[in-house]
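Next, two complexes with chain A in common: one pairs it with chain B, the other with chain C.
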Partner chain A sequence: MFWKYGLFCSIFAGSIWGAFWQIIFTMMGILTFGIPLELDVNQMLIIGLVSGIFYINFQKTISMKIHLTTIFTMTLLVYVFNFGKPYQINESLNNINIFILIFLTSAVTWISINFSLNKISIGKLSRYDLENFYIKLMWGLGLIIFILITLVPFYIMIMTSLKNQQSLILNPLDFSLNINSDFKTLFNSYIELFTDFNFHLFLMNSFFVSCVTVFITLFFSIPGAYALARLRFPSKKLFSSSVILIYLIPSIVLVIPLYAIFSQIGLRNSLLALIIVYPATTIPVALYMLRGYFSSLSSEIDDAALMDGLSRVQIIFKIAIPLSKPAIVSVGLYVFMIAWNEFLIAFMFLDDPSIFTLSRGIMSLNSSEVPQQHLMAGAVIATIPVMIIFLYLEKFLISGLSTGGVKE
Partner chain B sequence: MFNKFKKNESKLYQKERKLAFFLLLPTIFIILSIVIFPLLANFWISFKPISLGDLRPPKLIIKENLRGKLINKDKTAEIHYRYRNSSAKYDLNNVIFNDTIPKGFTIKKIEPNDTCEIKDKNLTCNLEKVPAKSSGKIILKITTNDYWKKNKDNPKNTRPTTSYQSKNILTSFEFTFDNFKKVFSATEFIQVLKVSIYYTIFGTAGALLVGLFAAQILQKSFKGRTFVRGLLLFPYISPVIAVAFSWVILFDPFSGVVNSMLIQMNVIDKPINFFGQKYTDISIFGYIFKFPLALSMVIAFEIWRYFPLSFLFILARMQSLPEDVFDAAEIDGASPFQQFYYISLPFLIGIISILFLLRFIWTFNKFDDIFLLTGGNAGTRTFTVNVYEQAFAISNLGAGAAVAVVIFTFLLVFSLVFIKYSKKEAF
Partner chain C sequence: MASITLKNISKSFADNQVIKNVDLEINDGEFVVFVGPSGCGKSTLLRIISGLEDLNEGKIFIDSDNVTDKIPYDRALSMVFQSYALYPHMNVFENIGFSLKTSGIKKDILSKKVVEIAKILRLEDLLNRLPKQLSGGQKQRVAIGRAIIREPKAFLFDEPLSNLDATLRVEMRLEISRLHKKLGITSIYVTHDQVEAMTLADKIVVLNEGQIIQTGTPYELYNYPKNLFVAGFIGTPKMNILDCYQRGGFIYLEGNKDKKINIKTKLMDVKKIGFRSDNVILSDPNKNTLLGEIKFCEYLGSEQFVYVDCDINDKLIVIKISPKIKVVLNKKVGLKFTSENIHFFSQNGNRINQNLN
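The block that comes next holds the complex of A and B.
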C-alpha cells in the first residue's frame, strides 16, 4: 500500500504543514499589520510538499547551511509563484513586513517538516514507525491548535480593550498597536471605567465580598475538615459523601427561593446577602480539599500531643493549622477565585450600582450605549487578579483539583 | 484490667464524637439554611400562584396635607389624610392609624365621622379593611387656639403611624397546580427538553474527548510543558463573564474578528450572526439540511471552557500509570495505537466515566454561559435559562420554581446513577 511508504509520509506531512502554517501566518499577518491579505493555501501546500520530499531524501546530509538555503529558497518560490507580488497587495504597503511574514512561514514550515520526518526512511515503513509518524504529526498539530484556541479569545480581549471606537469600526481586524501613542490614549478605556463607571467601587466590593467569604469559609471548614479527617464518629462516611452531593445542587435551583426570602426580609439588595450565600457554596469545596490534606499528615503527631495532655482544640490551633499553612493559603485563594468569579447570585441580587461586584458591574456595561472596548477592559480587569492567583498556586491547584476538590 | 481499658476507650470515643459534631455543627447549620431549606422552599413556591411583584408586601401609604392657611382662630383649615393600598391583589385588614395633633389646634369636625376618635390630642382611626387597589380620605377641620400663637406649630411635624395585617402569599396556604400545568403544557417544553439534552450530551462528550486528546498531547514531556499545562487551564479559571463576552465580541456579526476574517479570506460573502441565528443551511452532496448554529456555538463554548477540567483529571490519572507497563509493551512490539487502546484506555475508563457523569450533571445545570452568550434566544433555551425566563423575565416566580423542580428531578436521577457508579471508583 502506498501510504505505508516514507515517501508518502513526506508528501503528506509537507503539504499539511505548508497549508497549516500558511493559514495561521496569514491570519497573524492580518491581525498584526492591520492590512488586508489574501489567503492562498495552495502555493505553500505545494512548496511544503516539495520540501518534504527534499528532506526525506537528503536528511542525513543536511547541514546548517543547507537548512538556511532551503528556507530562503522556499521564500523565493513564494515570490516566484506570485510574480513578485505575494498576497496581491498594492505597492504602497510595507514590503519588508511581507517579506518577514513569508520568511517566517517558510522557516516554521521547514522546522515542522524536520520535526515530523525525523528518522523516517524513504522506503516501506514498519507499523510501529508508521504509527509513530502519524502520532507525532497529530501531536504537533494538536499542541499548536490547543495553544491557539486558548489564547485567541484572551488576545482579542486585551487588544480590543486598547483600541478606540473609531479604529474598531473602521477595520475590525486591525490589532496593530500604535507604539507612538501615549499612555493616556492607549489605556483610555481603563481610565474611563475608573473615572466614569465606578469601577473602583466594583473592585473594592468584589475584593471585600471575596475576602469575607474566604475568612468565613476557612473559619468553619478548618475545624470541620479536621473532624472529618481525624475524629471517629458515627455516619462519618455518609457525611463525607453528602458534602459532595451538596455541590451537585446548582445555584439556579436555589436562586428563586433565596430571592423570595431575601426580598421579604429586606436583605436582597445588599452585600451582606452575598456574604451569606457564598460561603454555603464554598464550604463544601474547602472542607473536601482540607480533609484530603489533613488526612495526608501523619496522625502520630496528634497522638503524641494527646499524650502530652493537649486537647483536640489545642491540637487544631497549635499543630494542624501551622503544619498545613501552605494548603490553607491555597484553599483560601481558591475560594477567593470562586467568590470573585461568581456571577448568577450577584446578578440577581444586586440592583444598586454602588454595591455592584465586578461581575455585576461588567454585566451593566453590556448595552448598546457602552462601547465594546470598555466591556473588554472590564473583562481584563476582572481576569487579571484571577490570573495572578492562578500563577501563584498553579501547582497546588492542579493537584488539589485533580484529587477531586473541584468546584464548577 | 481489659474492661477498664475498654471503658476508657469508649469514654474517649464519646468525647471525640461530641467534639466532632460540635466542630461540624456550623457547617451543617449553614448548609441546612442556605442549601437545603431553599431547596424545600422551592417546592413550596412551585405550588403557589406567586409573581415577582407579590414579593413586595402590600403597604398602606398615607399622605398628610394641610389645606387652607393658619392665620387666626376664626379661620378653619383642613388636614387631609389620603391613604392607599399599594397592592393590586391583596386586602389590608385591621388597619389602624394614629397621629398626634399638636396642642395648638382644636379639632372641629372629622369626616367620615364614625371611624376616628380623639383622646388627649391623639387621633386614632380604625379603618378596618382597605381592599386591594382602593384608597380613601380622612379630613380633619381644625382651627388654631391661643397656644398656637406662642408656638407656631405645623400638624405635619408629627408623622402618622399605621398598623395593619395583610396576607403574605409566601406563607399563606394557597396552592395551585397551574405552574406545573403551564410548564408542561407550554409548546416550548419539548423544545426546551430537546435543547437541554443536546447541549448536555454534546457539551459533556465534546469536553471529555477534547480533554482526553489534550491529555495525550501533554503527557509527552517537552520543553515548556508546565507552561502549556497552565495555559490550557486559562479558560476554566477565568471569570465566566469575561470569557463569554470576549466570545460574543469575537463572533460579533458587525465588528467581530471571525466574521471579518472569513470575509477577508473569501470564505463567506456576508457576515454570519453566530449567536443569533437559529439555523443555517448546510449542503452536503447537494442535500441541504438545517444546522442549529447558535446551539452549536454555545456547545463549542462549553467544550472550550470545560475541556481543561477533563484534561487535568485524565492527565493526573495517566501520570499515575506505571511507566514499565509501556516499556514491556514496547518490547513485545505493541504499536503506539495498540498501547493506547489496550493499556491507557482501560486504565482511564474509570476516571472517564466518573468525569462523564459529573460533567453531565454540571452541564445540565449550566446557566451563566448560555445566558451570557445568547440570553436563551435562537434555539438555545435550556431548562436552567427557562427558570430565569419564567421567574424574572415573565415575572412568574411560581412557574420558575416549577421548572427548577423539573431540573431537580432530573438531577436526582443523575445523582443516583452517579452514586451507584462512583462507589466503584474512589472519588
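The block that comes next holds the complex of A and C.
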C-alpha cells in the first residue's frame, strides 16, 4: 500500500505541516498586526512537500549549515519569487514584517518536518516505524491545535483588557500593544475595576465562598466516603449508588425551587445561601471520588490500626487522610474550581453588589455603559487565581484522579 | 500470656453462616494453627477472636475474662496480617512504636523498646526506612515487631507468609518458630498451607465449612485422621483413598474389575480404605500383589513418587520410593501393602480404626 512507504510519508507530512503552519501564522499575523490577511495555503503546501522529500533523501548528511540554508531557501522561494504573496494583501504591512512572517513559517515547517520524519527511510516502512510516524504526526498536530485553542482566547482576552476604549472601537481586531504607554494607561481597566467597581470585594467574596465550600465539602465527604468504603451498615449499597444521582438533575431545574425556598426563609440575598447550596452540589461528587480512593487502600491497614488502639475517627485522621493526600487535594481543587466558577446560583441569589462573587460581578459589568475591556479585565481577574492554584497543585490532581479511578 | 476459650461461636454474613457453633480451648503458651481450604472460615474465626469481626452468638474468654463485647485494643492481642498492613507513611521506627505511642507512653521508653525489638528482629539498620523501601521478608519482620512490642496476651497470625516467595517463606517460618520458643506467647496462626501447619503447630485445628473437623497434634492428625476430609487434607502427597468392600475378612478394591488385596480386618462396614504413599511397597508383579503400571514419576532429590495405574476407576496410586531406583515408565509392577497405618473409613467418611485415645 502506498501509505506504507517513506516517500509518501514525507510528501504527506511535508505538505500537511506547510499548510498547517501557513494557517497558524496567518492567524497569528492577524492577531498581532490587527490587519486582515488573506489565507493562501498553496505555496507553503508545495514548498513543504518539496522539503519533505528533500529531508527524507538527505537526512543522514544534513548538517547545521544545511538546516539553515534550507530554511533560507524556503523563505526566499516564497519571498523573492512571489514577493511575499501569502501575506501580501494589505499595503499597510511592511516588507520586513512580511519577511519575518515568511521566515518563521519556513523555519517552523522545516523543524516540524525534521521532527516527523526523523529516522524514516524512503522505502517501505516497518510496522513499528509506520505507527511511530503517524502517531507522532497526529500527536504533534493535536498538541499544537489544542494549545492554540486554549491560548488564543486567553491571549485575546488579555490583550483586549489592556487596550483603551478608543483603540478598541477603532479596530477591535488589533491586538497589538502600545508598549510606549505607561503602566497606568496600560492597566487602566484593572485599576478602574478595583477602584470603581468593587472588584476587591468580589475577589474576597469569591475566595471566601470557595474556601468555605471546600472546607465544608471535605468535612462531610471524608468521613462519609470512609464510612461507605469501610463500614458495613444496612442500605449501604443503595445509599452509595444513589449519592451520585443528584447529578441527573440539572442545576437550572433546582435553582427555581431553591430560589423560592431561600426567599421565604430570608436567606436569598446572602453569601450564606451560596455556602449552603454549593457544598450540597459538590459533596456527592467528592464522596464518590474519595470513596473510590479509600476503597483502593488496603483495609488491613485499618484493621492493624484498630488493633493498635485507634478509634475509627482517629483512623480517619492518622491513617486515611495522610494516605489519601493526593485524592483529597484533587477533590479540594475540583470543589474550589466549581465554587469559584459557579455562576447560575450566584446570579439568581445575589442582588446586593457588596456581596457579589466574581462571576456575578463580571455579569454586572455586561451593560452598555461599561466598556468592553473592563469585562475582559474582569474575566482575567477571575481566571488568574484558579490558574495559579491549578498549576501549583496539578501534580496532585493527576496522580489523585488516576489512583482513585483505577482500583475500585 | 493467656489461654483463650471459644464457646459456641457462630457468625453469619447476611444469610451465609460462615462459622457454625465452634468450641475451642487454647492453652497458655500454645502454638495453635487453624488450617483448612479457602473459604472454610479460618480467617473469620481469627478476626472474631481479635475483635475485628463481631459475632452473632457465643462467648470468647481470654483467661477468665469475657471479652466478647470488648474492642480489639482492650483484648490486648496483636495481629500480623497477610499484606503486612504496615502504615505506608511511617518509617519502620514509627510503625513498630505506633501502638505504644497511641497508648501515651513516654518518648524515651518508647524508643528504647523499639530499638530492643528491632534488635531481636535484626531491623536495627532499617529503622529510618519507609515500608516501600523494604523487601517482603523485612516488611513481615516489621509487622511482627509491631505485634511483639505491645507484649500482648496472644499473637494472631493471618496467613503471614503467603505473600513471600518459597525460600523466604521457609526462613520466616523458622523465625516465627524461634520467636515463639523465645517469648512463649500463646499464638494462633491461620494458614491454608498444611506444611506450615505441621511444622509450626503444637496443636492443629482443621476447619471446613465453618466447623472444626478435628483438633490435635500434628502427629495425631497425620496418623489418626478422624475422617476422610482430614485424611485428604493433611500430608503431602495426598493420602491414597480408594473405594472398597469386605469379603471373608479381606479387603477388595472396587474398580473396573474388583481386586483382592493382602489386607485383612475384623472391622465392620469398611467402605473406603486410605493409605499414605509410604505404606505401599513396590515389588515385582506376583500373585500376592496388586498389579499396576507406572504412569508418572516425580523425582524430588531426597525421595521420588511414582503414580501407578492399577485399573481402579482411573485412580492413580501414589507410592514413595527410594530416589536411587531408576523408574521405567509403563513398566508392570506389583503393589504390596504394609498392614500397619492403613486407615479404614465407613460409608459417611468417618474413621473406624481405633483412635489414639
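One rule holds for everything that comes next: the second predicted complex is superposed on the first by the 311 of 408 C-alpha atoms of A that agree within 3 Å, B and C clash if a C-alpha of one lies under 4 Å from a C-alpha of the other, contacts with A are read in each partner's own complex, and residues count from 1 in each chain.
In this section, a contact is a pair of C-beta atoms (placed from the backbone, for glycine too) under 8 Å apart; a residue touches a chain by one contact, two chains touch by 3 or more.
Note that the structure is a prediction, hence the values are computed from the model and not measured.
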(message) A:I62 in the overlay: touching chain B, chain C, both, or neither? Say first, second, both or neither.
(response) neither
(request) Could you look at A:I319 and tell me whether it touches chain B, chain C, both or neither (first, second, both, neither)? (result) second
(request) Tell me which partner A:A382 touches in the superposition: chain B (first), chain C (second), both or neither. (result) first
(message) Just checking: does A:P172 make contact with chain B only, chain C only, both, or neither of them? Give me first, second, both or neither.
(response) first
(request) Applying the touch criterion given at the start, work out whether A:I24 contacts chain B, chain C, both or neither, answering first, second, both or neither. (result) neither
(request) Tell me which of chain B and chain C touches more residues of chain A. (result) B
(request) May I ask you to decide whether A:A305 touches chain B, chain C, both, or neither, giving the answer as first, second, both or neither? (result) second
(request) Have a look at where A:V370 lands relative to chain B and chain C in the superposition and call it first, second, both or neither. (result) neither
(request) Please name which positions on chain A make contact with chain B in the complex. (result) 26-27, 30-31, 36-39, 127-128, 131-132, 135, 139, 142-143, 146-147, 149-154, 156-157, 160, 168-169, 171-173, 220-221, 223-224, 226-228, 231-234, 236, 239, 241, 244-246, 248-261, 263-264, 276-277, 279-280, 283-284, 287, 312-313, 337, 340-341, 343-344, 348, 358-359, 362-363, 366, 372, 375-376, 378-380, 382-383, 386-387, 390-391, 394, 398-399, 401-404, 406, 408
(message) Under the stated contact criterion, what part of chain C meets chain A in this complex?
(response) 47, 50-52, 71-73, 77-79, 81-83, 85-89, 98-99, 102-103, 146, 150
(request) Provide the residue numbers of chain A that touch chain C in the complex, in ascending order. (result) 298, 300-301, 303-310, 314, 319, 322-323
(request) Could you please specify the touching residues of chain B with respect to chain A in the complex? (result) 13, 16-17, 19-21, 23-24, 26-27, 30-31, 33-35, 37-39, 41-42, 44-45, 50, 55-57, 168, 170, 213-214, 216-217, 220, 226, 228-235, 237-243, 245-247, 249-250, 252, 255-257, 259-261, 264-266, 304, 309, 312-313, 315-317, 333, 335-337, 361-362, 365, 367-368, 372, 384, 387-388, 391-392, 397, 400-401, 404, 407-408, 411, 415, 418-419, 427
